[in-house]
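Look at the two complexes coming up: subunit A is in both, with subunit B in one and subunit C in the other.
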Partner chain A sequence: MKVAKIIRQTLFYIIVAGIVLVILTPIYFLVTISLMSDQEAYDWPTQMIPSFFNKFKLEIVDNEFLISVYSPAKKTYVTIKQSSNFEDLQKFVRNKTNSTIKKELFETQVKKLEKIIQENKDRIDLLRKERDKLKRQINRLTVETVRLKSQLEMAEKANMQEFIDMIKKQIEDNEQEKAELVKNLENVTAELDKIGAVHFSVAKNIFDNYINFFRVTSDALPALLRSVQVAVLTVIISLSIGGMAGYAFARYSFKGKNLLKLSVLFVRMFPGISIAMPMVIILINMGFYDKPIGLSLVYSVGQIGMTVWITASIFMGIPVELEEAAMIFGTTRRGAFFKVTLPLALPGLAASAMYAFIGSWSETAQAIVLTQFNPTFPVVVYQTLVGAKGLINLTAAGGVSLALPAVVFTMIIRKYILQMWGGVRV
Partner chain B sequence: MRKVFIVLLVLMVVFAFSVETLVVTSRLWTPPTEKEFIINEIIKPFEEMYNVKVVFQTMDDESILKQVAVQEQTGKITTDVVIVYASKMPEWVEKGYVVDLTPYVSKWTDRTFSKGFDTMTVFDGKRYFLPVGADVYLTLINKKALQYKPEDVDIENLTWEQLAEWANLVAQGEGEGKFAVTGVPMKSLIYQIGAITLSYGGDWPNLDNPGAVAAWYLVYKMKDAFAPAVKTYDDTRPPMKREETWMTVAHSARVGEVYKSNPTQFIIAPAPKGPAGRGSVAGTSGLAIVKGTKHFDLALKFLEYMTRPDIILKSHKGTGGFIPPVDEAINYLGDDIEDQVVKNAIKVLKEGVLSYIAPTWKDWGQVKLVYDEIFKKMILEDKRFEPDLLEFYQIKINSLKK
Partner chain C sequence: MNKVESRKWIPYILIAPTIIYYIVFWLRPVISAVVYSFFDDNNIFTLNNYLTIFRDPNFKKAVINTAIFVVISVTLEFLVALGLALIINKKFRGAQLLLSIALIPMALPAVAVGAMWSSGFATYGWVNSLLHHLGLISADGKIVFLAGSDFQSLMLIILIDAWQVIPFMMVILLAGLQGLSKEAIEAGYIFGGTKFTVLRKITLPMLKPSIQTALILRIISAIQVWLIIVMIFGYRRIPVLLEEVVFYEEQLLGFYRVALAYSVIVSIIVSIVSVIYLKVSGAFEKGEQ
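Showing the complex of A and B:
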C-alpha cells in the first residue's frame, strides 16, 4: 500500500516536472538566444548561459590586423575578421560579438603587439611557416587515410584478406603520423599564441539585440503601441458585447437558449485567415482597413463567443437572490447589477479580458492581410523572422519583446484567473 | 481679412508639411539588416533629392499580389511600386496590374539592362519590369573542409566531380555528411540540382535527358555526403553559420550573407563546372509601377533612380551578393568583401550555362515538389540510382506545363 502511494506520488511529480520543463525550456532558450551575440548564437553546441564579456586575440598577418574571439563551445579562439582599417574592424566586431572595442584600447593593444612582434620576429616567421607546412602534411595524410578506409571497406566486402591487412597497416601508420603532426601543430600554435598575439577582454552589451531589433525594424515601436491599442479595443468590445450576452444567457430563459449559446462558439471553429480576405473588402468599404479599430472588430468576432461562455458561467454562479435582496432594499434592477452582481463577477470578467488580450496580442495571420502601412507588432516580428533566417538572435529578441507585454498583463490579473470558471463564492 | 489671413496661414502650413508619399512594396531585401540598408542608404538620399517620402515595406510575392488585387477590386490603389520575383511576373502582366514601361525606359541612355533577363521581364516586346536583384548560384566552403581537399583541386575552377569526391571524403572522415542542400519541400533544391544538370548539358527542369540523368547520378554518388539533418533545412544559411555543414552551392545573396558573417572562416567561389560548363539557374526580381497609381511621375523617378548604375551597385553590394542586372554597374566594382561576392556571381552570369524559370508552368511550386520527391525517395530513402524513376516523374513534369 505504502509502495503504491510512493509510486503514485513519484509519477505525479515526474509529470509535473515534465510539464514545467516542456513549458520552460523553449522560453529559457528564446530568452537566452535573445541575449547572445551572432557569434554565440551560432556557436555549436550553443551555450546555456550568454556571456557578459568577450575575450579577443589580436595578431598581425600580412600587414593586416587579424582578430579572433574566444569560443566557449570550441574552447579556442575563432578568427572573425582581417583588415587594416580599425573602423571596419570595430564595426564588424560589434555586429558579430555585441562588443565595442574602443580606439584607445585597440591602440594600446596594437603597441603591445608590435613590441612583442619586434622582439620575436624571426621566430614568428619560422613558426608560421612550420604551421603552414604541418597543415599541408596533415591535409595530405587525412585525405590519404580516408581514401584507404574506403578501399578497406571494399576489400572487406570482397573478403580479400591480403589487402585488408595491408591497408589496415597503412591506415595505422598514417594515423600515428597524423597524431604526431597534430601534436606538433598544437605546440606551434600555442607558441605562436604566446609570442605573436595579444589578448584582451571587452564587455558585451547584453541587450544589443533588443536595441538592434528596434533600430533595424523602424516601425517596431509604433507597431507595439498599435498592438496595445488593438488589444485594449478588443477587450472593450468583446467584454461589453460578450458580457451583456453572457448576463442574458445566465439570467433569462428563452426558447433555443442552449442552441444559441452553442452557436456563438461556431465562429471560433473557422480559421481566421479564411475570412480575412473578404474582411479586407468589407473593412475598406467601412473605412476601417489598416486601422486598429478594424483589426479589433475582426478579433472581437472570435473573442465574443469565448467571453459569452466565461461570463455566463460566472453570472450563473452568482445567486439571483442577491439581486432580489438588493432590490427589496430599494435599488433598481440596474443598480442591483452594478452594485452587487458586477463587483462579484469582476474576477471572471478580468480573466476573459486576459483571454481577449492575449488572443488579439499574438495574432499574426489575419493582421498580415488586414494591415498595410500600420502593421501590429506580431506582423513586424513575423516579417523579421521571415527575412532573418541567418539572424536567429535578432528574431529571438523580437519574440521576447512580443511576449513581454502579454506576460506583464497576465501577471497583473493572475489572481483572478483561478476564479475564471465560475468559482465565485458568496 | 483676419479670417482670410488665418485660412492662408493654415494652407501654407498644410502645404509645407504635406509631402508626396510613394509606397514601394518589395519581396526583395526582406532581412531586417538589408531593409535597414535600403531605407537609410538608398531611399533616404532619394527622399532628400526630391523632397518626398517613400514608404518601403517588404512581404512575400503572394501577399503583394493579393494586396494589389484587393486594391484593384476596390479601386483604391495605395501601392505605387512593386518588386516581385520573375516567376510571378507573367501573372502581374496577365492581370493587367502593371504599367508598360517601354516608352519611358527607352529614353534612359546611360544604362543597359542585362539581356539575359529580358525573357523574364519583357512580354510581347513590352518592358513591364526593370530587373533588379538578380542571382545565380555560388559555392561556399567552410575552411574546416580544407583538411579533406584533394591536392589537385583548384576551388576557383572546381568541377562537380571534384566537389562530390571532396564532399564524400569529408563525410567519410567526419563520420557524417557535411554538404547542405535544402531538404524541406518547395525550397531551393530544384535550383541546386538544376545547377548540376546545366553543367552536364541537361535540359532543366526536364528529367528525361542525358544531362539530367548525369546530374542525378552525381547526386546519387553524393548520397552519404548530405548532412543527416538535411530534411530539416529550408535554407542553407543557418547550418552553414553554425558549422553543422561545411559545403554548399546556393543562392549568391545567401552565400554572400554567410561569407560576410565571417570572411576568415569561409571561401566563396563560382558554382562548380561540368562537361558543358558552369551551370546555374539564374533569377531576378523586377521593379514595376502599379497601374492606376496616383503618383506615376514620382514612381518613374524612383525606378530611374534605383536602376542607375552607381545606385544599383550600391544597393546590391549592401544587401549580400545580388547581381546588379545593369551592365554599366560593373564599372563601379571595387575589391572589398561584397565586391568579391558580386564578382563571383558576375563570373557565373557571364561564363555560365544559364537557365531561367520559363513562364510555362501552371504552378512552379509543384515542379519544385517533383525534385523534392525524387531526392527524398531515390537519394535519402532507397539510396539506389533509378533512371526509370526519372522517366516516371517526367510524366508529372509534363502535366504541369501550361
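Showing the complex of A and C:
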C-alpha cells in the first residue's frame, strides 16, 4: 500500500516536472539565443549555454592577419577575416562574435606571433605546404568516393555482382585512406597551431544583441516609448469607462445586463484587424491616425470589455454590507463608494490596469494596420523577423525585451488573474 | 434628490460611457466595413469584392485549414488544460510555483512566441540542436520541420499554438474549480464514487459555466488565428481565414475592400459557430434567468 503511494507520487511529480520542462525549454532557448553572437547562433548544433568568452587564433598569412574564432560546436577554429587593416578586422570580429579586441591586446599578440614565427620559419613553411597537399588529397578522395557511389548505384540497378563487390572494396579503401589523411592533417594543423599562431581570449559582451537591436533598428527605441504611451492611454480609457460599468454590473441588476455581458463576445467576433481597417479613415478624420492616442482608442474597444468583467468580479468580492454600513453612519452613496469600496478595490483595480497594459503592450495585428511611420514595439520586432532584416539572435533580443514587462506584470497580478475569471461569466 | 428614483438611473448612467464607446469605436467601424465591402473605389455598388474571394482557390483552402485548426486545437487544448487545472487544483507542494510557470506562455506577446518557435523549427534551429544534444538525432539527421505536407505543417502550428493557449484555458478552468463547493465533491466520495465518476458526474457538471467560457472564447480566437502562422511560414504557405484578410490588406496593394469583404465573411463564420456552440451548450437558457 505504502509502496504504491510512493510510486504514484513519484509518477505525479515526474509529470509535473515534464510540464515545467515543456513550458520553460522554449523560453530558455529564446533567452539563450538572444545572448548569442552571430557566429554562435548560426553554428550547428546551437550550444545549450551562451559563451562568455571568445577564443581567438591569430595567424599571419601572405603578410596579412588571419583571425579565427573557436567554435565549440565544430570543436575547431573558424576563420573570420583575413586583412591587413586592424580597424577592419576589429569591426568584423565585433559584428560576428560580439567581442571587441582592444588595440593594445592585438599589438602585443602580433609581437608575440612575429617572434615565434621568426623562430620557426622554415618548419612553418614546410607544414603549410604539407597541409595544403593533404587537403588536396582529401578533396580528391572525396570526389572519387562520390563518383564511385554513383557507379555503385548503376551497378546495383544492372545487378552486376562482381562489379558491385569491386566498387565496394574500392570505396572502403578510399575511406580508409581518407581517414588516415585526415588524421595526418589534424596532426599537422595542431603543430602549426602551436608554432605558427597565437591564441587569446576576449570577453564577450553578452548583451550586445540588445544594444544592437535598439541601435540597428533605428525605430526600436522610439517604438518602445510609443508602446508605453499607447498602453498607458489604453489603461486610462478602459479603466475609467469600463470600471464604471463593472461597478454597475456588480451592484445593480438592470434590464439588458445579460445582453451587455454577451456584448463582450460580439466585440470579439469581429476580428480586431477588420475594425482597424475602417478605423484608419475615422482616425484620419479625427487627426489621430498613426498617433498613440489613435491606437489606444482602438485597443480600448477590446480592453473595455475585459475591464468590465474584471472590475465587476473585483467589486463583487467587496461585500455590499460595508457600503450600507457606511451609509448608516451618515455618508452618501457616493461617499461610501469613495471612502470604503474604492480603497478596498484598489489592488484589484491596479491588477485590472496591468492586465489592460499587457493586452495593449502585446497587441500586434491592429498595430500593423494602424501605424505607418510610427510603429509600436511589437511591430518592429515582427518586421525584424518577417522582413528581410531577419537575424535570429537580434529578433530574439527584441522578443525578450518585448516579453519581459508582460511577464513581470503577469507575475505581479497572478492571484487576481484567477479571481477575475471566477467572478463574472458569459 | 429622491434616492429610490435616482437608484433606477444609476446603473444606466454608469454603463452609458461603455455603450457610447462601443457605438462610436466598434459599431461604427463595423458598419462602415460592411458597407465599404459592397462598394468599389468609385463608390458604385458591386459584389466583385466577394466574388474575388470566392473565386480565389485559396479561400477553400483557408476554410478547410481553419476548420481543421479549430476542431483539433480546441479539443486538444481543452483536454490538456482541464488536466492541468485538475493537477494544480490538487494543492500539492509546489502547485503555486507550477501555476506561476504555467502563466508565462500566456503572458508572452504573440510576436515573441513567433520569434521563439521560428528560431526553434528552422532546420538549424534549437529544436534540432536540442535533439542532437540529447543524442536523438545525428549531426546529419536534422529534421526539416517546415517542409512537411500542409497537414503536417498545420499540426505543427497547432502544437505551437497549444503551448501558448493552454495556460489561458487552464486559468479559466482553475478559477472555476476553486469556486466549486467542496461538500458536493466530498459527498460524491462518501457515496462510494471513484475518482473518475466523481469527476464525470459531479465536478464537470458543476464546472460547466467555466467550461463554456473557456471554450467559447477559445473558439472565437481560434477561428481568427494568423500571426503565428505568418511568423513561422510566411504568407500563403498555410492559408487560414484571417491570414487571408491580412494578406489582401497588407500584401496586395489596392485590395483593401476585398480585405474588408473577407473580414465580414470571417465575422459571419465566427458568429454562426458561436451561436451554434452557445445553443448546443445551453448557455442561452442560463443567461435568461
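Here is the rule we go by: the second predicted complex is superposed on the first by the 379 of 426 C-alpha atoms of A that agree within 3 Å, B and C clash if a C-alpha of one lies under 4 Å from a C-alpha of the other, contacts with A are read in each partner's own complex, and residues count from 1 in each chain.
Please note the rule applied: contacts are C-beta pairs under 8 Å (C-beta built on N, C-alpha and C of every residue); 3 or more make two chains touch, one makes a residue touch a chain.
For clarity, every value in this text was computed on a predicted model and none was experimentally measured.
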Check: Is A:I49 contacted by the first partner subunit B, the second partner subunit C, both or neither?
Finding: neither
Next item on the list: In the overlay, answer first, second, both or neither for which of subunit B and subunit C A:L225 touches.
Entry: neither
Check: So, A:I80: does it touch subunit B (first), subunit C (second), both, or neither?
Finding: first
Next item on the list: State whether subunit B or subunit C is in contact with more residues of subunit A in the superposed arrangement.
Entry: C
Next item on the list: Based on the superposed arrangement, let me know which partner A:M154 touches: subunit B (first), subunit C (second), both, or neither?
Entry: neither
Next item on the list: Examine A:V369 and indicate which partner it touches, taking first as subunit B and second as subunit C; both and neither are also allowed.
Entry: both
Next item on the list: May I ask you to decide whether A:V386 touches subunit B, subunit C, both, or neither, giving the answer as first, second, both or neither?
Entry: both
Check: Touch check for A:A325: first (subunit B), second (subunit C), both, or neither?
Finding: neither
Next item on the list: Give one of first, second, both or neither to describe whether A:P271 is in contact with subunit B, with subunit C, with both, or with none.
Entry: second
Note to self: Applying the document's definition of touch, where does A:N285 land relative to subunit B and subunit C: first, second, both, or neither?
What the structure shows: first
Note to self: Can you give me the overlap between the subunit B contact set and the subunit C contact set on subunit A?
What the structure shows: 42, 44, 277, 281, 368-369, 386, 392
Next item on the list: Would you tell me which residues of subunit A are touching subunit C in their complex?
Entry: 12, 15-16, 19-20, 22-27, 29-30, 32-33, 42, 44-48, 240-242, 244-245, 247-249, 251-252, 254, 258, 260-263, 265, 267-271, 273-275, 277-279, 281-282, 297-298, 300-301, 304, 308, 333, 358, 361-362, 364-365, 368-369, 378, 381-382, 385-386, 392, 395-396, 398-400, 402-403, 406-407, 409-411, 414, 417-422, 425-426
Notebook entry, point to check: Residues of subunit A touching subunit B in their complex?
Noted result: 38, 42-44, 66, 78-82, 96, 135, 138-140, 142-143, 145-147, 149-150, 213, 215-218, 277, 280-281, 284-285, 368-369, 372-373, 383-384, 386-392, 394
Check: Given the complex with subunit A, which residues does subunit B contribute to the contact?
Finding: 23, 30-36, 39, 55, 57-60, 63, 66-67, 70, 73-74, 76, 78-79, 146-151, 169, 172-173, 234-235, 237-238, 241-244, 254, 257-258, 261-265
Notebook entry, point to check: In the complex formed with subunit A, which residues of subunit C make contact?
Noted result: 3, 7, 10-12, 14-15, 17-19, 21-22, 25-26, 28-30, 32-33, 36, 84, 87, 92, 94, 98-112, 114-120, 122, 124-126, 128-130, 132-133, 139, 142, 163, 167, 171-172, 174-176, 178-179, 209-210, 212-213, 216-217, 220-221, 224, 226-227, 230-231, 234, 242, 245-246, 249-250, 256, 259-260, 263-264, 266-267, 270-271, 274, 283, 287-288
